[in-house]
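The structure under discussion is supplied below as structure tokens; questions concerning it will follow.
In this document, chain identifiers A, B, C and D correspond to the written order of the chains, with residue numbering beginning at 1 in each.
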Amino acid sequence: MFNEEMRFESPIRWAMVGGGRGSEIGHAHRAGAQRDGLFQLVAGAFDIDPARCRDFGTKLGLDPTRAYADYLSMFRLEAARLDGIQAVSIATPNATHYAISKAALEAGLHVICEKPVTFSADEARDLQRRAQAAKRVFGVMYGYAGFPMLHQAREMIRRGDLGDIRVINMQFAHGFHSDEIEKHSPGAQWRMNPAVSGPSFVLGDLGTHTWFLAGMLTGCEVERLCCMRQSFVHSRAPLEDNAHVMLQFKNGAVGTLWASAVNAGSMHQQKIRVVGEKASIEWWDEHPNQLRYEVQGQPAQLLDRGMGYLYNEVPGIATNRIGGGHAEGFFESWANLYHRFGLAMAAADCDDQATLESLWYPDIAAGVEGVRLLECCVESADNGARWVNF
Amino acid sequence: MFNEEMRFESPIRWAMVGGGRGSEIGHAHRAGAQRDGLFQLVAGAFDIDPARCRDFGTKLGLDPTRAYADYLSMFRLEAARLDGIQAVSIATPNATHYAISKAALEAGLHVICEKPVTFSADEARDLQRRAQAAKRVFGVMYGYAGFPMLHQAREMIRRGDLGDIRVINMQFAHGFHSDEIEKHSPGAQWRMNPAVSGPSFVLGDLGTHTWFLAGMLTGCEVERLCCMRQSFVHSRAPLEDNAHVMLQFKNGAVGTLWASAVNAGSMHQQKIRVVGEKASIEWWDEHPNQLRYEVQGQPAQLLDRGMGYLYNEVPGIATNRIGGGHAEGFFESWANLYHRFGLAMAAADCDDQATLESLWYPDIAAGVEGVRLLECCVESADNGARWVNF
Amino acid sequence: MFNEEMRFESPIRWAMVGGGRGSEIGHAHRAGAQRDGLFQLVAGAFDIDPARCRDFGTKLGLDPTRAYADYLSMFRLEAARLDGIQAVSIATPNATHYAISKAALEAGLHVICEKPVTFSADEARDLQRRAQAAKRVFGVMYGYAGFPMLHQAREMIRRGDLGDIRVINMQFAHGFHSDEIEKHSPGAQWRMNPAVSGPSFVLGDLGTHTWFLAGMLTGCEVERLCCMRQSFVHSRAPLEDNAHVMLQFKNGAVGTLWASAVNAGSMHQQKIRVVGEKASIEWWDEHPNQLRYEVQGQPAQLLDRGMGYLYNEVPGIATNRIGGGHAEGFFESWANLYHRFGLAMAAADCDDQATLESLWYPDIAAGVEGVRLLECCVESADNGARWVNF
Amino acid sequence: MFNEEMRFESPIRWAMVGGGRGSEIGHAHRAGAQRDGLFQLVAGAFDIDPARCRDFGTKLGLDPTRAYADYLSMFRLEAARLDGIQAVSIATPNATHYAISKAALEAGLHVICEKPVTFSADEARDLQRRAQAAKRVFGVMYGYAGFPMLHQAREMIRRGDLGDIRVINMQFAHGFHSDEIEKHSPGAQWRMNPAVSGPSFVLGDLGTHTWFLAGMLTGCEVERLCCMRQSFVHSRAPLEDNAHVMLQFKNGAVGTLWASAVNAGSMHQQKIRVVGEKASIEWWDEHPNQLRYEVQGQPAQLLDRGMGYLYNEVPGIATNRIGGGHAEGFFESWANLYHRFGLAMAAADCDDQATLESLWYPDIAAGVEGVRLLECCVESADNGARWVNF
């Protein structure tokens, strides 16, 4: 069971860049971070409009002077305070991730950044080097990675319950952009603009999530891949609203990834199926408390979160906040990740390497890999869907 | 969308009785109440062991002097403070609900109480009168009532999308007590003891939830009912671990209710199906973001939370905390209810009747009805399952 | 695997009463009976209109002289032939079942009759006595009883995989009569007419099916029951279009049965859930190749027809006509039953008692029980839903 | 509704090559062909062992002299009879399809052949030319193509309910060969032998089915494709037990195809999802009576076979053999196809071109396309999974 008493005497003083009024993802960060008493929001540069930022921050209970007009001011002025921020979460459009993250690390802050962390793998590696040098935690918000049943799946694979991995099929394919909704939805507009969104749309927005989860589950490393991408709504070109990828892994496994925003009529359909020589598992983010487990020659099994038959001695599986049968959801996954970020930051602050090494969380290395995936996919797709070494 | 900015400048000062270390439901109350900045935990009588209470309260960040040895001390000493508590949630075994609630109302506090609120309908009505006289909010923790898709279902019925209601089938039937687990589980023991749990086990623990939801959805009032109950684990007698009820409603509708803790192998299986002359709806608490809607002569439809086709102008439907496709869960339902409790308390404090009347939440009247259900069921079951007028 | 070679050198010469042009159930009988080469349709009194009967029979390939104007003529004239019929299936409205069955037995024929076999249990017992005296097979067309996964369920219960049975919940509740469709559907009209349909509508038409299956699975015998029934379409009174039954079994188990034709928007929803002290099973006729098996404390399991982990040594389980994964359906269940009827008739014809005793099929004893259920339910419902001993 | 009276006065005299004792597919052919009185089995060369063939044929009720030792004898001797066979179904290992089909056409017979019809597209085109010249019907046994809900899907796409087609995802991926079961299963052995099975295993055995259905539904034509295939059980090389294909269609649509026999723990998982600009449909062969229909911005819909809201004026949709709610299965699909084959043969025999043109069925042209798919996939996979024009 989740231990509510595992709190910090003084929560980590925390700020956000972006995620202001009307931002769904901003709310997700605040709800996740503050769930367990490990983080407290004390500052923010939530908005490019300073007045709106101040109004919003005040409504959230901040000292108005700590609702800043821009992130550089925030980092500078907070650094001058005894009670200044210790960590920052970045929930801005993709184009700005690199610069803000770099500035945050330079300001001595722990960083939690939305994915994709940068436009290029070089930039991502640069952030990785900087974070290591500064001994700061750099978390990447692969927000689905906190679901307990994924940690169960990961442990099952680690223990060999599936045998050698043969096939990994991934998809995250919704239908919300079947039409050109960006005409009327400002929130959707920047994602179609390569200058702001980066070299890809659905691969970066959706595909990297599922890709990250597959790596987390299996540890399989890609050897080469082949990608085709399309802009079914033509005005989105060169950014794709649909992409299919075929992958070959170093261990001989193969797989596919389907990312789409034009899967008409679908909600998320984020699913991962891992096929081993003995058994398969399948997980679906819309019903995240269940894990389907199919052993060849046996009846298919449906595992439920919170049950005694899970590998509950493994951190991440038994951190249920409520008993099995009750539905946990998206916010619990985020809170579980922020919980891990908080523990890592506390360990980093006292240079506790043992704890740091024992703590799994989506880190900047994972961020680098995600950007590499996008680079390879774009290179493949833009060259006739040819095979590209990873 | 949920409005994160709708916070109180000064959150309601709030305490708990019960719900201490190891209590899952205690955690649910704290997580729900503090989600939106409307409540702040400042005191508690969490435990019958004063030292453990103090330790636990301190770990949660309370001033140690406000972790009280008993609820009477808490009510008395807090009343003497300028910054004393304004509201209290009661998460103790059933036998104590009446006395604690009464004392809380006498101390001028708003009350949120676990169900069943009392052992007898007379006691429940007494609490109802006292709350009215004191102009205090009395919420009852029917914790599933905050799910948006239930409010969608309620509105569909209200608008006549189903036509006249004909059949209401309800069930909440898990299998976790198929064996005599109370031998080894202290948390389960008190529920089997009529002196502590009251005259029923699964009807009170499970059945009242679904029953309350059905009433919330349809507004149908019971005319008479017939109940059979069993103690399949014999040591539980006279308390039932399984019960079936047949019901006749005043409008001519009929229905059934199955409550069970011996439905071997099941998780929750809390489901409600409402059948109207034109269409039916079905909801399942383990997958609460969906609502099945079946119009006679048309393909069955699956409605999803967060979508534009819902009756989003109705409070309670559009209060999504995250977009459709993402899974919301149990904690969001509780937070949604505490949100309503908070708004009601603020309105009561300034005697704002208009707001109070516009705000739906599970109140003491609902608590009274729940206890009446139990009384009638027990009377029926203990008299050969004969029909009893409600 | 099903053995296609297990055919009779000379198929049983077989006729039908009723089931003529436009009759869905007539087609089901012919398709089921003739599937395996055990029966051959050689005569029929399909229709009350002699010309239409002759035309229909001819179209089906009969000798026109063996398409009879009425069943009495058929029984008399066929008896006079050396190659006369040996068995007859009766698919007429309920009111005529008794007389036709009686005449068929008197003519020395094996009988397969639609359910309910008679209006009264006395009549049904009379048929039972006559069949015994004449040493004729009397099958009752509980057409779902041939599904292999039900035989798997039955064997699991017999072997104690579920432990003692505690709860049996049954339902067969479609929505096709939510409106007064009988106004325009002649095929539906007779079912609403007590003179033709008998004392009940949905209990007899639907409820007896599921009830029979539950008895087949568990062997549990009813001690007493309590039934409420309604005519939501008022013109159907006194016949019910919806009924709920609560049951107490002799072994201490309890259960419910919901039969309805006004479950708006539903297809069949014929489901049986059997709860034991260790595990539960659930089966649904719309997806008959699967069986859900839930052991308390273990992941839920989904068993599939045709798999090696089933109790394949038991007749009825391994009689797959196609491998697992492929969908078998309604017609295979009927063919499986007719197969058993055919084997029983062959055994009866040579007085092979050993085979007869080893062969399970829905027989007249089951027919008697079905009629008793209806009698008890009607007695209960028409007396204020009071409890009635079975 | 299916019209049982639509029979031939004299059923088509029909034989089989292959499909003898123990052959599941042989039984499927016989059950499908003889279901509706259009075909009658009168001869066969079921087995390479003449004695076993004769014994088997006799058990099925054939004249022993018409259970032939080999297909050439059968074709020759039957041609000499006045009542000789008119049509033959070929259910032998792949390597023999071409020669037997050619001989059958030369003998003036209508042919129904298992897929893949030949090893090479050239051979398949040769059969196509021969069938055209001889004016004989040549059906290919894509046995899933008879399911009514697929015809509903096809008609929805044809009418534009989905808008332009964007994505077609296909899979047929079971797990029955996760281990090297061919060591002990003679029936599985030939499929792993390229000399008997042809240049592919799962692409030919499984993938062509789903590929054919997708073409039947959408009419989309492949422009180019890219395929990777593996032999996870190494002894199967060069034949693949797993393959993934990416496809680009001439109309701009894209898609994927996953064929596997090592999808551990799965039954069939044959699924097709067609995504259009407005809506998507999804069909699954294990639950073939349902079709999921998802319109962007509306609740997902579940369509059921047999319902009035389907496009029942279209042949193939309304040919239900039993009402909605009841499960139809694999055998009904085969019977529906054989029904069409029978009508086509009758039309061909009287040179009725109008009927022939109005009758859709899987013909030799479809067989040619299936073989071309295999050729292209193998060429791609065996050249580093490069793109190949179709």
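Please note the rule applied: a residue touches a chain if its C-beta (ideal position, glycine included) is under 8 Å from a C-beta of that chain, and two chains touch if they have at least 3 such contacts.
In this text, all values refer to a predicted model and were calculated from it rather than measured experimentally.
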Chains in simultaneous contact with chain B and chain C: A, D
Contact-richer chain pair (by C-beta pairs counted) among C-D and A-C: C-D
Centre distance in Å when chain A and chain C are each reduced to the mean of their C-alpha atoms: 56
Centre-to-centre distance between chain D and chain A (centres being mean Cα positions), rounded to whole Å: 44
Centre-to-centre distance between chain D and chain C (centres being mean Cα positions), rounded to whole Å: 34
Chain A residues counted as touching two or more neighbouring chains: 293, 298, 300, 304
Footprint of chain B on chain C - complex, ascending: 162-163, 166-167, 169, 175-176, 178-179, 226, 228, 230, 232, 242, 244, 246, 248, 252, 254-256, 258, 260, 262-266, 275-280, 293-296, 298, 300, 384-387
Of all residues in chain D, those that touch chain B in their complex: 293, 297-304, 307-309
Contacting residues of chain C [partner chain D, same complex]: 1-2, 4-5, 7, 21-22, 24, 27-28, 30-31, 35, 37, 56, 59-61, 174, 267-268, 285-289, 304, 321-332
